[in-house]
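Just so it is clear, A, B, C, D, E and F label the chains in written order, and each chain counts residues from 1 on its own.
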Amino acid sequence: MNSLSILASATANAQEFEGLSGALLLMAIGMVTVFIVLLLVIYVGNALIMFVNKFVPEETKEAPKASFASVQSVDAVTANVIAQAVNTLTGGKGKVESIKKI
Amino acid sequence: MEILSKIYGMTAIDNLTCYPSYLVMIALAFVLLYLGIKKGFEPLLLIPIAFGVLIANFPGGEMGVLAVNGVGEIFRISNEALQNGLGDGFQTVTLVNGVEASQASSNFIQVGQLFYDPSIEGNEILKNVDLVSQIKVYDIWAMPLHDIAHEFGIMNYIYYALIKSGLLPPIIFMGVGALTDFGPMLRNLKLAIFGAGAQFGIFAVLIVASQCGFDMKEAGSLAIIGGADGPTAIFTTLKLAPHMLGPIAIAAYSYMALVPVIIPLVVKLTCSKEELSINMKEQDKLYPSKTEFKNMQALKILFPITVTTIVAIIVPDAISLIGMLMFGNLIKEIGNSTSRLFQTASNGIMNTATIFLGLSVGATMTVDAFLNLKTIGIVAGGFCAFGLSIFGGICLAKIYNLFAKKKINPLIGATGLSAVPMASRVANDIALKYDPKNHVLNYCMSSNVAGVIGSAVAAGILISFLG
Amino acid sequence: MEILSKIYGMTAIDNLTCYPSYLVMIALAFVLLYLGIKKGFEPLLLIPIAFGVLIANFPGGEMGVLAVNGVGEIFRISNEALQNGLGDGFQTVTLVNGVEASQASSNFIQVGQLFYDPSIEGNEILKNVDLVSQIKVYDIWAMPLHDIAHEFGIMNYIYYALIKSGLLPPIIFMGVGALTDFGPMLRNLKLAIFGAGAQFGIFAVLIVASQCGFDMKEAGSLAIIGGADGPTAIFTTLKLAPHMLGPIAIAAYSYMALVPVIIPLVVKLTCSKEELSINMKEQDKLYPSKTEFKNMQALKILFPITVTTIVAIIVPDAISLIGMLMFGNLIKEIGNSTSRLFQTASNGIMNTATIFLGLSVGATMTVDAFLNLKTIGIVAGGFCAFGLSIFGGICLAKIYNLFAKKKINPLIGATGLSAVPMASRVANDIALKYDPKNHVLNYCMSSNVAGVIGSAVAAGILISFLG
Amino acid sequence: MNSLSILASATANAQEFEGLSGALLLMAIGMVTVFIVLLLVIYVGNALIMFVNKFVPEETKEAPKASFASVQSVDAVTANVIAQAVNTLTGGKGKVESIKKI
Amino acid sequence: MNSLSILASATANAQEFEGLSGALLLMAIGMVTVFIVLLLVIYVGNALIMFVNKFVPEETKEAPKASFASVQSVDAVTANVIAQAVNTLTGGKGKVESIKKI
Amino acid sequence: MEILSKIYGMTAIDNLTCYPSYLVMIALAFVLLYLGIKKGFEPLLLIPIAFGVLIANFPGGEMGVLAVNGVGEIFRISNEALQNGLGDGFQTVTLVNGVEASQASSNFIQVGQLFYDPSIEGNEILKNVDLVSQIKVYDIWAMPLHDIAHEFGIMNYIYYALIKSGLLPPIIFMGVGALTDFGPMLRNLKLAIFGAGAQFGIFAVLIVASQCGFDMKEAGSLAIIGGADGPTAIFTTLKLAPHMLGPIAIAAYSYMALVPVIIPLVVKLTCSKEELSINMKEQDKLYPSKTEFKNMQALKILFPITVTTIVAIIVPDAISLIGMLMFGNLIKEIGNSTSRLFQTASNGIMNTATIFLGLSVGATMTVDAFLNLKTIGIVAGGFCAFGLSIFGGICLAKIYNLFAKKKINPLIGATGLSAVPMASRVANDIALKYDPKNHVLNYCMSSNVAGVIGSAVAAGILISFLG
């Protein structure tokens, strides 16, 4: 099978599947492909589990922190958002008793 | 009196009384609103869709998505041409400029702000043969988007910019991915295979529909309802048979809302009490799995990348759906460093996409796109596809049980349908009814999530071979 | 020195000194920023508009929305053509290629990165007759949106994609609807009629303006300022007279910010102390309403659907505004099951729309679009429309009181203007000044919200008959 | 009046309303229409009140729950629920004593 | 230097800067311009400081309140802002001890 | 077997084995994902970019941004033409229809769903001379956006609508502005001048690159990496050399992530211990500033407006970047009355822009756009530009210290690079290493933020003179 015939088969269009036999062929193609894909997901998934267990067995504690280029700091954003919340909620008269990050 | 006459001319009353089919569509909108609001049928999608149907079906409102023929043409005649032509004799009109009669859209002509169907007798205006030569043909694929907005209103604009372009279904899939947890699937990876069995309904209904007057593209669009996945159904229909978008989207979301009715029905017809009482946890104790999970976090990060690669190699046409689904999932699982993106993908972007998708899909449901025999076929065929998909999953589980020692509850096959997570909840409730200690939820989630991948793959196949 | 010369050539200094009118626009931007930031004039809209005016008016920045003539043409000459033509003799140029002289845009030609006005003497370049034949004509309605961005910069892109397409005003109305409570209106449904009376200013100014040098479309756009509703004014102007968009939007939002000044002024001129002291609650006690509300939640869900249907039948052209307003309200009132959509419609979508609407409406305020006599007409006419609308509502209340036993405080007529909820608050303050126990807020809210519907309907009528 | 004449009148354009008489005509049309619409809103609104009082007199307690097709879990939903809770609680003047996630 | 020659220099394009001398010229233009701009920022910034100190020396206490034309109330906004705050702050593990409205 | 053959034909396997360069790109995607996820290299941008690279490089997936030639043309041949031509004899093909061989895009032809490179031997299909005449030419600038989506998939749509249009970089700059605090810069305004010195790397590398086979536009795009600012680099590249967008964006963001490595390296090579120990606070005590700040709030509101005006006058081409940056900052500093807009600009809009920018910039990284010698030049040249910019800032500080009494720590020069705020933190850590009491953070923030303005100005100059 050379690449030309591949190309031809890849470019099959609706007409080729007209009629009962075409529809049955499409069903066969479809169900086989769906099974192939999910079997691959299962097998490669299992390989992945083994890979992870072998090479990265420990949970990473600290994920890298998000940052935007040219962004000041996330703390500032947090503080700002909280300030806004309090401000909006209380109409300028509220107070935040305490904000804890555990 | 001139005042009242002009006001009357401005209103939609004359058109609504001439073409009562509009009233049918408005009534349908009310029914859908009732189902979405009062009955809780997938309200996030059905309510926008229903409202879209409502506002689309008032003549003159320009809020309906115009039907186009197979090559993207829209026909209109200017008011001046119309008024100039009034004095002439009238003749029957047949549209001959290359429009196939089989195209739904060719039957309809927008005249000024009004719609006229040349096939209806007593429709004098378009019988004037001189007018036909003055019908303006718009090529929707050659018009810039802002010109579409300018000529045909904002709903056509939203439709072509966001829906027909194929943008929103993958965007919604990104949000779905950001809200999906592959943990249960990873813990019971073997059960994912039932996400394949439960695509049976798609291909079975494809065969039936193709023998019942639908062409292959239409049959494929109808059949994908059996995938039980809204964005996938919309994406496939847009590629194969966009003129059936409205009914198919509504059928897909309605049946998904009816999962608590349909799954018990199919299960009752096909499964024995013994089968439904199979306790997965006891099976796990009898035949314990050797798999251990030392680093679930890393696994959950690697998994979406892996699935994307596999699907992209085998079914490239499914990559816009699966790729975006997995990207959404990835930015969730990475955690802190991409949580900004995750927040926006799963909230702002997804909700915005849902609103515009719903409204404009609803707006495609104009008289000629809905009131025809194919709609009945879609309603019936969609139901069959749904049922047969559940049946396919159950059968696969039964076949598996014939050969394996470690038995599997057929409910896990049934949830391969997708409709996450409602199908799993419904399946769990059924299992608990037979054995109050038999919690199958986590097992069902595996096949259930796999069903999303399965139906996206099926969609890719249909698009690849029929598109 | 070559370096400094090239730097000087790059700067906008030469252009700013040649055409000091740019400086006027920049000064205007500073004034608007002052009003928005310091005086709190509708800051959410006026600040983006003002910033849009600022960045639009530096020659070479490509951040201004280009004026087009009536058929959507833009004229430019390439730098090469310009440089090649420099050796030739100069002649006076008159644009003759089909451009009507009355179109504001035909007066201006963008040459390279600079703008030249052929009507200004000493503008040698365009006096070269050979160059005129090389002027390139762009048809804005035939250019794809990304080509508009490529040729004319992002502000033109945003303008054509979001504003000229008519998309953002309905989107903002969706957010407005999601933030509107029809409860007070439902509780005093009868008072909604004053939302009709207070559209008087629109049609009165339409008559005057049409007699003062504005054509009917321009007069309609100017008059709609009397609707006291920003998105409605913008939507109407886009359909009827887009070249006046900037001044009309700014006038509309400025006068809305001045409601606390304008309403007391009109009230003082037209109402007696007795009228203003009419206590609605006591009237309610004297003539109690028989209406009871057993299920306000259901009512609030059914109401937006009903209003949409009524407006869609009578004034189909108002449906994109009213439909989206009511859709926003519906997803709010439904509650839990659509709260995701409500959150996004009333926050993310609305704020995004506001930013882009403001910036690009501001960017339409280039020299030729603002510095002409019509702007004065808009400022004056808009004020009259505002005042006459308030007057119309008050008159209707007075007429009503002539015939009815149960009297109505004319302030409720005044708030029919809309400008929700500021008008109601201002009216309430006035009432309290005359009688500290006379809280009319809830009554005013009825006519106030009805005024939004009323002006959208008026907009639909103007678009229907003049568009 | 047949549908042709209706069509003609519906498609009136700006020219027809030029001049003082045209503007006056448009004013008449406009004010009448605005009154018609708002009167209809009032009358149909009253009918609606009666309808609701008669056929759905009881407040529904439990609104149907939001769900996205194929949506798994609820981090985003959690945020939303908190928003709802705060909203309900405050009602413009309430206070949220504490939102704890342990 | 009249406006024509200005125009010509303003419209210089890539070809003019080909070759080493062109690149050097562009470097000179670029660095000089960058310095001009930032020097202007510094000088005008200092002028601004003096201007503010002289004419608006007092901090304004109350910024004008946000409002949308035709917008009723800000309950939705409040809810959203709090949701944002809670979300941003907790990142899954934090807690807001209390937000009080007085 | 027919079934398996058809499935095989659908997969990307055949293409991946024929063209292993795809595998290189997929591997690159994995490397970038690793760097973004595990190493924390600018994850917000690099992870979407990496995922974009991944999904773009599966043949048949239609998720890659198609390369176009200099005039925006794309070449495709239909499947029918291909199949009809199969019977004929084969001949070597040379593309002759006006495409310059130097254009990257002309080397590649999309045939049906597959890509073929006519320069590779054994590529029989395109050797058929009859087919060449049937190659369809698409003009990307004449196609409406929805037609681009329809013909080439959603990634091309997103790319042309949001990226190539130049929209997203200014939008992201709006968000950046909303997250920037000009307070530290205002308090040490003099130090802002180092934001100018640290643009040296841009123009130095421009000279070198222009002598090493890059044309001036490409050299300018490459050089702007030295601005250490992602959106600025992307914006400039889009205007000058869009075919190099992918590698330049990745280089820019990677080096920004490597700031904690690059700055110490350059500092170590150029600065003595004495210089690094200069204590700014003590210098302040020795030579106290006379400036007092009576109203920082008003100052922070006036400042962005002022900077916008200055930049707009001197470098009009920088206004879309600087204007949006300052608008974002303005709506933040105004406070309460525009906090709705600030919230959305700095969250929803910015995150949405980041996702789509990342994915589609990644999707431009197809085989032919990346696997060429220029990529190596970009990687090397970008690094030099980065280093030389830091060097330039340091030199300026040293020169300043030669003449001034009040000494300046050269670290403040180094942070003129921008890369806010990481550069300042890194510089602070270095200073603390030499003297644990020497906190330079607040001083560094001044030159650091000024560096953002500086590189946007440099970008405007490059666009103005080379664009």
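Here is the rule we go by: a residue touches a chain if its C-beta (ideal position, glycine included) is under 8 Å from a C-beta of that chain, and two chains touch if they have at least 3 such contacts.
Being a predicted model, the structure only gives us computed values, none of them experimental.
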Legend entry - Longest centre-to-centre distance from subunit D, chain (CA-based): F
Legend entry - B-D, C-E or C-D - pair sharing over half of the A-B contact pairs: C-D
Legend entry - subunit C-subunit F separation of Cα centroids, rounded to whole Å: 38
Legend entry - Averaged-CA centre spacing for the pair subunit F and subunit D, given as whole angstrom: 45
Inset, instruction - Mind pulling the residue numbers of subunit B that touch at least two other chains? - result: 6-7, 10, 40, 43-44, 60, 113, 144-145, 314-315, 334, 336-340, 343, 347-348, 354, 461, 464-465
Legend entry - Junction residues of subunit D, two or more chains touched: 10, 12-13, 29, 33, 36, 63-66, 75, 79-80, 83-84, 90
Inset, instruction - Going by the contact rule at the top, pick out the subunit F residues touching subunit A in the complex. - result: 2-10, 14, 18, 37, 39-40, 42-45, 60, 79, 82-83, 86, 111-114, 124-125, 175-176, 179-181, 228-231, 253, 256, 336, 339, 343, 346, 350, 354, 418-422, 452
Legend entry - subunit B contact footprint on subunit C (complex, rising order): 141-145, 160-161, 164-167, 170, 174, 301, 305, 308-309, 312-317, 319-320, 323, 327, 330-331, 334, 337-338, 340-341, 343-345, 348-349, 461, 464-465
Legend entry - subunit D-touching residues of subunit C, taken from the complex the two chains share: 186, 189-190, 192-193, 195-196, 199-200, 202-204, 206-207, 210-211, 215-217, 219, 291-299, 302-303, 306-307, 310-311, 314-315, 334-340, 343, 450, 453-454, 457-458, 461-462, 464-467
Legend entry - subunit C-facing residues of subunit B, complex: 6-7, 10-13, 16, 26, 30, 33, 37, 40, 43-44, 47-48, 51, 54-55, 58-63, 113, 144-147, 149-150, 153-154, 157-158, 347-348, 351-352, 354-355, 359
Inset, instruction - Name, in rising order, each residue of subunit D that touches subunit C in their complex. - result: 10, 12-14, 16-20, 22-24, 26-27, 29-31, 33-42, 44-46, 48-49, 51-53, 56-60, 63-66, 80, 83-84
